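Okay, so subunit A shows up in both of these, paired with subunit B first and subunit C after.
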Partner chain A sequence: MENNNTLPTTLLVGLLFAGGVYALAVLEYWSVAGRLAWARPVRLALKLLAREEIKPRQRDAVFYETAPVLLLAAGTLAAAVLPWSASTPLLSLATGALFVNAAFAYAMVALVLGGWSSNGAYAMIGGWRFLGQLLAYSMPMVMALTATVMRAESMVPVQIVLSQRGLWNIVYQPVGFGLFYLAALALAFLPPFDLPVAAGELAGGAWADFTGARRLVLRLGRLSLVMSLAVTITVFYLGGWQGPGLPGVVWTLLKTLLVAASFFGVGHYVSRVRYDLLLEWSWKYATPAALLNILWVGILLLL
Partner chain B sequence: MVNDSRYLLLLGMLACTGVFAGLLYLVKFSLGQSVAEPGKDVPAESGRLAVEPAWVRYHVHYYGFALLFLCFDMEMAFMYPWAVVYKELGITALLDMGVFLLILFLGLVYTWNQGGLKRQ
Partner chain C sequence: MNALQLFFLAGFGLAAVWFGWRVFRTHSMVRSAMSLLACMVALGAMFLVLQAEFLGVLQIMMMAAEMSIMAFFMMMFMMDPGGLGNMNMTHQQKPATALSAAVAALLLALLLSTNWPAPLAQVPTATQQNHDLGIELMTRSMMIFETAGTTILVAMIAAAATALVYPPQPD
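What follows is the complex of A and B.
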């Protein structure tokens, strides 16, 4: 296993990630307003910094400060393991696929902490709702990843990309891809599953009482979460850096941005899903489907 | 024990995230403070100032799902190493894990049958 955490690689991955997050901010606005406003992320950041910052009284100060940073960390940590090309995993862990899951799990902790700490009923219910959502999306997501590990015979992301040389996993295990895609939407609380933080539901839910710079960090954290998830889908299901002509890094970036654009597009056309229905559907249909997907991949591998 | 320095990278990333957020807060701090006024710092609760903290007991209805989740999550801990060696072991691995999953799946079916998966 090689690690390329040299300075140029680190800078390259950091720049690609940051640029991707910026592009995602533009794309998200495009999905809502229908036009590409390139300067809007900057304007929004400046606006959040300039606004008066009000912290709720009697808040749980430690959790209130931890939650935004933890969400940002959850979004970025997974990026260290995910390769943009054959030579750019910052950290080639033998447990890579598992680590990606573990990193994403902290998003739930961050949201529950954020909802709890502001000492408002709406915010707290928002946090609990996201916990309920985790119980729904987590199992299909983890099981879908297991099936990709089965094919690659390794948890190292680079090996998983290499295992898709002949046929991408999206074709090899379409059910797993579908489950992972939906679970990713739920994990990043993107529109069909944005009940925990939707502005129209609980006065803003888990985020209701964050203003100013902390709100900015939360927004950045969510975008980096979406970015990491899009890279994860590219690496695990869309053949990673593989593609004709262009260099690998460019292919990864293109696929990632396409996946992210499709995330936002889906949210634009589907109505919001209640978390209790999501729980019910997930355990009745998604979890059995994930088990069948494992069986399907198992049989294909033995043939 | 060989490659422990790799994890320094993760620690470094965590530290960078913290420092980045801290810098943003510093910029925010330098731009001026909010004026303390009564009623301004009420949490979003339709303008009503709650008498007691919000941390009183709320019923979380999905605890049944949480129990199911725990048992399936434990199973996943076994599944990752199994998935790595799956192809090597062949049909034996498929049958072994199949029996294990079937037992768990029967639990899910039982919960379903008892109405545990209904929305509440």
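What follows is the complex of A and C.
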């Protein structure tokens, strides 16, 4: 483990991440309402902070408090190992690609805990649905990442970016990119795959019984998750900081915001996927496609 | 191993024991499974303190999904549908206590009587560990892992197949 977390780097990464999350909050509203309302996230945050906290009477006290914080932690932890430029990963782990997955796995734990602990039927169904969704997205996601690791012959995110010097992974392994992109949507329970919190169906699902500040932390956690996933796609498939002219950090930010905007755009135009279909497609098509992608990359590497 | 490492190793070890204890001190399947998850994460953190980066991160990653799925299955197949009910997690307490004490004593005796080799002066770097593990898995241990993996897969498919109802019944 080597550390790059000098104060300027930490501040830079923190600011970029926080700014990105803010921009995402604006973009999310844009995908719903069709206009950019720059002050809205602040107003919404203040409103949620001031609102009365209504807690279910027979909740599980420990898990109810843990779930929002855990979701935020899951969303932000990956940011520590993801590089915005060659010198900006806060923590350069030799198992970076695996660490990113490990951090994201706890988003599921947070939602299951949140849904279960609030002791309401809708919330619990939402939480368990996300567990089912995990079965659908986790295998394609890990196997797609494996293929990028194969090409770089390293799990260090910086090395994975450097391996895309000549050709971005989106061109080198388009199937892997497609799978990772869809899996990322499912992981962040964004609209086509938003069954765990399904608006209009489960009364808010896994986070139906969270109000006020806890609701705010959950929303922040979800946006951080989307942000981390967008950075992950940029780093693993879109050549990271590489690009002509502009400084690397700017390229990463631009690509990240573009990916995030496309997430929200997709959600706006595609209808919700039923979760038995999701599981069926995952096992029948996505997992075999991920294996074929590994074979494809293996052949390209041996050529 | 320096003092700081020892401190964190002991800290995570105690946390693991505490959460392991909590597994049996609750009356709910989900609380129990989540305590077990916390216990496993503490074990993963111990791997990280011992500079076994791959094993630590892998442990922390795998256990999140495994323990949640376990909680789900325990609720499905045992008599506690919501996971919130008052289920006694301990059975046959006296024989179980005696057996646990005996096993603990045996393990301690084994630990203390084994002539452990001296610890490595220099731990291989994390990158080197990944490389060595890959070589190990792809050469000497390949047959073992492939056999175990296929066996587990067959068991999972068989379990799913026996749970299905044929011919499909209308709901």
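Convention: the second predicted complex is superposed on the first by the 301 of 303 C-alpha atoms of A that agree within 3 Å, B and C clash if a C-alpha of one lies under 4 Å from a C-alpha of the other, contacts with A are read in each partner's own complex, and residues count from 1 in each chain.
As a working rule, contacts are C-beta pairs under 8 Å (C-beta built on N, C-alpha and C of every residue); 3 or more make two chains touch, one makes a residue touch a chain.
What you are looking at is a predicted structure, and each value in this text was computed from that prediction instead of being measured.
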Partner chain(s) touched by A:S154 [first = subunit B, second = subunit C, both, neither]: both
Subunit B versus subunit C as contact partner of A:T146, first or second or both or neither: first
First (subunit B), second (subunit C), both or neither touched by A:S138: both
Partner chain in contact with A:M124 - subunit B first, subunit C second, else both or neither: both
First, second, both or neither for A:W116, with subunit B first and subunit C second: both
Which superposed partner A:L82 touches (first subunit B, second subunit C, both, neither): neither
Partner chain(s) touched by A:M108 [first = subunit B, second = subunit C, both, neither]: second
First, second, both or neither for A:F63, with subunit B first and subunit C second: second
First (subunit B), second (subunit C), both or neither touched by A:A208: first
Subunit A residues touched - subunit C or subunit B, whichever exceeds: B
Residues of subunit A contacting subunit B in one complex and subunit C in the other: 58, 93, 95, 98, 116, 119, 124, 128, 131, 135, 138, 154-155
Residues of subunit C touching subunit A in the complex: 28, 30-31, 34, 37, 53-54, 57-58, 60-61, 64-65, 68-69, 71-72, 82-84, 125-127, 129-130
In the complex with subunit C, residue positions of subunit A that touch it: 1, 58, 60, 63, 93-95, 98-99, 101-102, 105-106, 108-109, 112-113, 116, 119, 124, 128, 131, 134-135, 138, 154-156
Subunit A residues touching subunit B - in the complex, by the definition given at the top: 3, 5, 49-50, 52-59, 68-69, 72-73, 76-77, 80, 90-91, 93, 95, 97-98, 116, 118-125, 128, 131-132, 135-136, 138-139, 142-143, 146-147, 149-150, 153-155, 203-204, 208-209, 212-214, 216-217, 276-277, 279-280, 283-284, 287-288, 291, 294-295, 298-299, 301-302
Subunit A-facing residues of subunit B, complex: 3, 6, 9-10, 13-14, 17-18, 20-21, 24-25, 27-28, 31, 34, 40-46, 50, 53-55, 58, 60-62, 65-66, 68-69, 72-73, 76, 79-80, 83-88, 90-91, 94, 98, 101, 105, 108, 111-112, 117-120
